[in-house]
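There are structures below to look over.
Each of the two complexes below includes chain A, the first together with chain B, the second together with chain C.
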Partner chain A sequence: MKLLTVPGILENLGAIRQFVNQTGREAGLSGQALYDLVLAVDELAANTVLYGYEQNRQPGNIVVTAKTSKTEFTVTLEDTAPAFDPGKHNLPQDADLIQPMEERNIGGLGIYLAVKGVDGFKYQRIDQKNIVKLSKKLPPGS
Partner chain B sequence: MEIAITNVENASIVVIDGDIDSSTAPEVQRQILPIVAENRKIIIDMSKVDFMSSAGLRTMLLIHRNSAAKKCLVILAGVKAQIAGTMKATGFYAFFTIYNNVDEALAATRGEYHDGDRLLSNA
Partner chain C sequence: MGFNLSYELDTDLVKVVLRGELDGQTAIKSQKTFEEAAKLKPDKVVVYMKDLNYMSSAGIRLLLYIKQRVMSKSSQMILVAPQATVLNTLTMSGVTQAVHVVDAY
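Moving on to the complex of A and B:
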């Protein structure tokens, strides 16, 4: 298991992506699967910073752990912001995603991409922490 | 992330170099929105952008809305496959004018798309 702890500010999104890119590659992910996972982690981390920490004027860390099993690679994001389950967020529906740009609702796209881009998504609230587990299946033989 | 804007012929070329995420998207918006003007042509070179999150999509949405209102033609050039994938998954791709590279985009600005009609009729 590998671990990265950073202050929850937008400037650290790049470091979080780099951590997921590197650990995911070491686990055997590549191409679109790795990109989708990196995007999912980035979207949820950005959400935590903007709507968890900054909006509540309550700074905190983001803890990212990477774990590899025989069949999947799992990234866990932990924060101490107020409880928020991204899986319960109202996601854009198919009809929303064909609307012309002029009529688009600007919200919800990040969480939509995050949930859609992974094979496994699990939220827990434990000890005043939001814990989100995101997993991708590993290609056979990796 | 860095942005360089140069004016060639009848178009402005905006080269974005680096990731577009929640920390850098506001800068993209700050630099591009002011040059969106009546009857202007803007080519955004995305060939050096390896990552774009929904923050980048929101910026693209604002650029699209502003350009449509001002009949300004905005062309995206050199969009990497994974970013194109995100734009397709969210229904953005079809609403943008996209060329493989800056040269093809420039050729298009000299030709039939000079008044931005394609952009507007696409939307």
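Moving on to the complex of A and C:
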């Protein structure tokens, strides 16, 4: 298991992506599958920074854990912001995404991309922490 | 890897070049410059994306903001040569149904 702890600020999104990129590659992910997982983690981390910490004027850390099993690679994000279950967020519907650009207001797009881009998505609230687990299946032979 | 946005004015369009990683931080930082560029030729903005290695939903929102709030209603935004991974995000977000995506311009 590998772990990264950073202050929850936008400036650290690049470091979080780099961590997921590197650990995911070591686990056997590559190409679009790895990109999708990096995007999912980045979207949720950005959400934590903007709407969890900054909006509530409540700074805190983001803890990122990477774990590999025989069949999947899992990234866990932990924060101490107020409770927020991304899976219960009002996601855009497919019909929203075919509106002309001038008429669009895509709230929740980041979470939509995150959920669509992973094989497993689980939210828990434990000890005043938001814990989100994102997993990707590993290609055979990894 | 950082992010860079540069632009140049051509005869009837403005060319915007995006390089690096466009995320929640860099999208906020570059909004003003992108806006400045689009205001020069609000009818036609051509965005070169070949060297854009990463784009999150913040990048999508930035493109939407420019198209909706800065460009004129009948304007044209053209995205040139996005990488396959970035194109996938644009497609999933429905952006490719609303703007032109071309290999070269």
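One rule holds for everything that comes next: the second predicted complex is superposed on the first by the 142 of 142 C-alpha atoms of A that agree within 3 Å, B and C clash if a C-alpha of one lies under 4 Å from a C-alpha of the other, contacts with A are read in each partner's own complex, and residues count from 1 in each chain.
FYI, a contact is a pair of C-beta atoms (placed from the backbone, for glycine too) under 8 Å apart; a residue touches a chain by one contact, two chains touch by 3 or more.
Predicted, not measured: the structure shown is a model, and the values here were computed from it.
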Fit or clash between chain C and chain B when superposed on chain A:
clash
First, second, both or neither for A:Arg17, with chain B first and chain C second:
both
Should A:Leu77 be classified as contacting the first partner (chain B), the second (chain C), both, or neither?
neither
According to the stated criteria, A:Leu134 is in contact with first (chain B), second (chain C), both, or neither; which is it?
neither
In the overlaid three-chain picture, which partner chain does A:Leu44 touch, first (chain B) or second (chain C), both, or neither?
neither
Of the partners chain B and chain C, which touch A:Ala27 in the superposed model: first, second, both, neither?
neither
Hey, what residues of chain A end up touching chain B and chain C alike?
10-11, 13-14, 17, 32, 35, 38-39, 42-43, 46, 49-50, 97-102, 104, 106, 109-110, 112-113, 116
Chain C partner, complex, touching residues on chain A are 10-11, 13-14, 17, 31-32, 35, 38-39, 42-43, 46, 49-50, 96-102, 104, 106, 109-110, 112-113, 116
In the complex of these two chains, what residues of chain A are touching chain B?
10-11, 13-14, 17, 32, 35, 38-39, 42-43, 46, 49-50, 92, 97-102, 104, 106, 109-110, 112-113, 116
Which residues of chain C touch chain A once you look at their complex with the stated criterion?
1, 21, 23-25, 28, 54, 56-58, 60-61, 64, 67-68, 73, 77, 84-85, 88-89, 92-95, 97-99
Chain B contacts chain A in the complex at 19, 21-23, 51, 53-55, 57-58, 61, 64-65, 68, 82, 85-86, 89-92, 95, 123
